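Chain lettering (A, B and C) follows the sequence in which the chains are written, and residue indices restart at 1 in each chain.
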Amino acid sequence: MSIAVERTRTAGSSGGGAADVLRRFVRSDRFARAASYVFLLLLWWLASVYEDRFPAPLETFQFLWVEVTGGSHGGVVRGEFLEHFASTLPRFGLGIAISMVLGIAVGVVIGGSKWAEALFKDTLLVLLALPAIIWAFLTQMWFGLGDDAVVITTFLSAFPFVAVNVVQGIQAIPRELRRMSRAFHVPRYKRLRHMQVPAVTGYIFAGFRFAVIVGWNAVLLSEWFSSSEGVGWRSRYWYDANRYRGFLAWVILFIGFIVLLDRLVLVRLQRRAFRWRDAQASAIEREAEEIDIGVKGA
Amino acid sequence: MAQTTTTTAGHGPRGTAHLSLAARRRIRGVAGLLIGAGGFLLLWTILSRFVFGEFILPPPLEIGREMWEIVESGAFATNFWATIERLLYGFGLALAIGFPVGYLMGTSRWWRAFFHDMVMVAGSIPGITYAVLALVLFGISILGPVVSVALVSMPYIAINVAEGLDSVDRKLVTMSDAFGRQRSAVVRHVLIPTIMPFAFAGVRLSIALAWKVEQLTEVFGSSSGIGFQIRREFEDFSIPGTLAWVFLFILFMLLVERFILVRLERYLFRWRIEDQA
Amino acid sequence: MATLTVDHLEKTFPAIERGSVPTTAIDDLTFTVEGHVFVSVVGPSGCGKSTLLNILSGIETSSSGSATVSEGTRPARLGYVFQDPRLLPWRTVMQNMLYVIDESGAQARTRAERYLEMVGLDGAGDKFPAQLSGGMQQRVGIARAFAVEPDLLLMDEPFSHLDAITARSLREQLQDIWTQTRKTVLFVTHDVAEAVQLSDRIIVLAPGGKLYADVEVDLPRPRKVSDTDVATMQAELLGRFETMQAETAAAKTASIAN
């Protein structure tokens, strides 16, 4: 029984053209990905067959189409999509903005001072552990219905993620760099601008990404309980009416938005923010390759 | 059994020096805990009395009293056990599915491509989706929370298992082959121990997420459990009640983390040099 | 007592990149080893010594020719000592020993204990590898290979990663344990002096994997490095070794010039 080093097979197997192409396609990664979506769709459909209140894929997408483009579901008002997203997005944006500002501020303080860390880091961890539903409930009890509750819930859910990441970022600045700037008596503002801020930027960005994902989920939850319009409210509307395909259609819109946001905007930003780190990494990789080839040749 | 006295550099032979090192570490840990808790309570009291008002943010003492009543009445024990039970089943299911999926992802490119997107998607679905769909599919039963926890945790475990497989030391595999070990022995003695720390990390990562999703599922579709109690307090419009249940659970999770998980981790990985006192 | 038969063995590695030539690690190698002898295979880097061991243990396959190890009619049991200890870090020393022993129960344990004692590690059974020094770990590796009670023991430069002092002490221990157990050993090394100290027979391979010399070492044991006979033989063999390297270098320059 051995994992033998295989005798290298002669490249390129001979054989019929079409059958070979097909076989290679089936074995490819692209086919695997496509297969996974088909599989999920199949599971979804099976669930709807098993339980007939469970919305089926086809009807859900039909419903979605109507909600987006207009038309009626037997008497319901048309074209809800833009209207509700227009309500939700400002609340979301405001909540995230506040969480970033306060999150960075608090993170810098806690990360920079040992006693602040000892006193308040555990508080941050507790806040991190509180589920968004709690905030949704609490804000509803505190602020009643309306925008405030939603913005605050978003802020409260996202804030700990930002703060914790910033703390990590500040603490990750290698001690040598800090010592070096002290040894050279680099003035404080320069230290801030050239050492602390760039080092932390990556972590701030990671925190931002978390904030967006967590915040978006929080918005949904909060609007469910505290709003009279918006994506979350609309989802609940269909849920209350027991039209689960409506609920699912809006969830799909909801997830679709965040996935698009993530792929198109956030990933690009992240690549820019981490340019210095990735550039350094690839230089190291190149060096390692050279050493590797040198050894193999010996 | 003969005791070989090994003296590793920097430590004396077993005796008082060894004891006080561990004791010192423990004291530092407890002190840190007290300070952190102190800071938390201080902040809370200030916010409660001077910033938000005692209706909006009841002071720690009041919440503490609520919590005590809940525990005393036995309600905590029953509901807590209901919630934990679902978490455990959910994790069991997540491990049972996550290991094979992770194994496939770690050993085959095709399967990695197949599962990759699914695993990513599972992580971005908002909890409420699981909550509502579980309700529709399973009604008010234990299955809802269990399946939700499993679906939410499984991606982390699979990814970590795949990564663990990536890190298997080939030299140990060739050694096993040279000694003619069977494939099953290699899996048992080389692969699984290598994967263990990764799987453990996966469980730890997903616990935080899992319990949040579980709460949400319970809020929508349960008749017992912490989430259900929280919803009840919310419907009664009781801020102290809601907060009390939440803090009870968090307190317990912290205790479980610090005492059970950390001990388990130390036992499982006692062969690592870093863990030698 | 195992018989090792190597018959016109060849191993060529295909070219890695375009433009480079395939590497011949072993070139038409033929020799036989019988009986309880300690045989060293000596050669400079790149002469296929490790490849030979890999083929014998089944880790690699040959390009052509054969290398068989047999114990009478049945395939032989093999033990292997690597350059690095290759202990399972998450198992104790004793568990590492038991991993390779096919028996179970008390018998296996006693066997493992016996061999641990032979390398002077009889109290270390419950320790984890991380708690042992490099030299101690390698001793466990040696004990482990012997504990299999193999028909053929393969050793791949087991002391090359150790410091000189530890290596010297382990060489003596190896001599001891071999004298006690008299296994058939195939010992690979680039250190001619080491080969003379330990073996009954030395097979010298030239770069490119060709057999260069096959020398009997008929000196009494135990051999100390300080023995004149041993030193003489070492010098002699070293001289032949250097001649071989010079010949190879000359041949290479000649081929480049052409």
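The working rule: a residue touches a chain if its C-beta (ideal position, glycine included) is under 8 Å from a C-beta of that chain, and two chains touch if they have at least 3 such contacts.
Keep in mind that what you see is a predicted model, and the values were worked out from it rather than measured.
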Centrality ranking, top chain (CA atoms only): B
Chain pair bearing the highest count of C-beta contacts: A-B
Distance between chain centroids, defined by C-alpha means - chain A, chain B (Å): 21
Inter-centroid spacing, chain C versus chain A (mean Cα positions, whole Å): 55
Chain B and chain C, separation of their C-alpha mean positions in angstrom: 48
Multi-chain contact sites of chain A, meaning residues that touch two or more partners: 2-3
Multi-chain contact sites of chain B, meaning residues that touch two or more partners: 174, 177, 180-181
Overlap residues in chain C, where contacts from two or more other chains coincide: 58-59
Of chain A, residues touching chain B in the complex: 1-3, 27, 29-30, 32-33, 35-37, 39-40, 47, 50-51, 53-54, 118-123, 126, 128-134, 137-138, 140-142, 213, 216-217, 220-221, 224, 235, 239, 244, 247-248, 251, 254-255, 258-259, 262
List of chain B residues in touch with chain A within their complex: 32-33, 35-40, 42-43, 56, 109-118, 121, 124-129, 132-133, 136-137, 173-174, 177, 180-183, 208, 211-212, 215-216, 219, 227, 230, 234, 237, 239, 242-243, 246, 250, 253
Residue ranges of chain C touching chain B (in the complex, touch as defined): 57-59, 77-80, 82, 84, 86, 88-91, 99-100, 122-124, 127-131, 148, 154
Contact set on chain B toward chain C in their complex: 2-4, 6, 8, 171-172, 174-181, 185, 189-190, 193, 269-273, 276
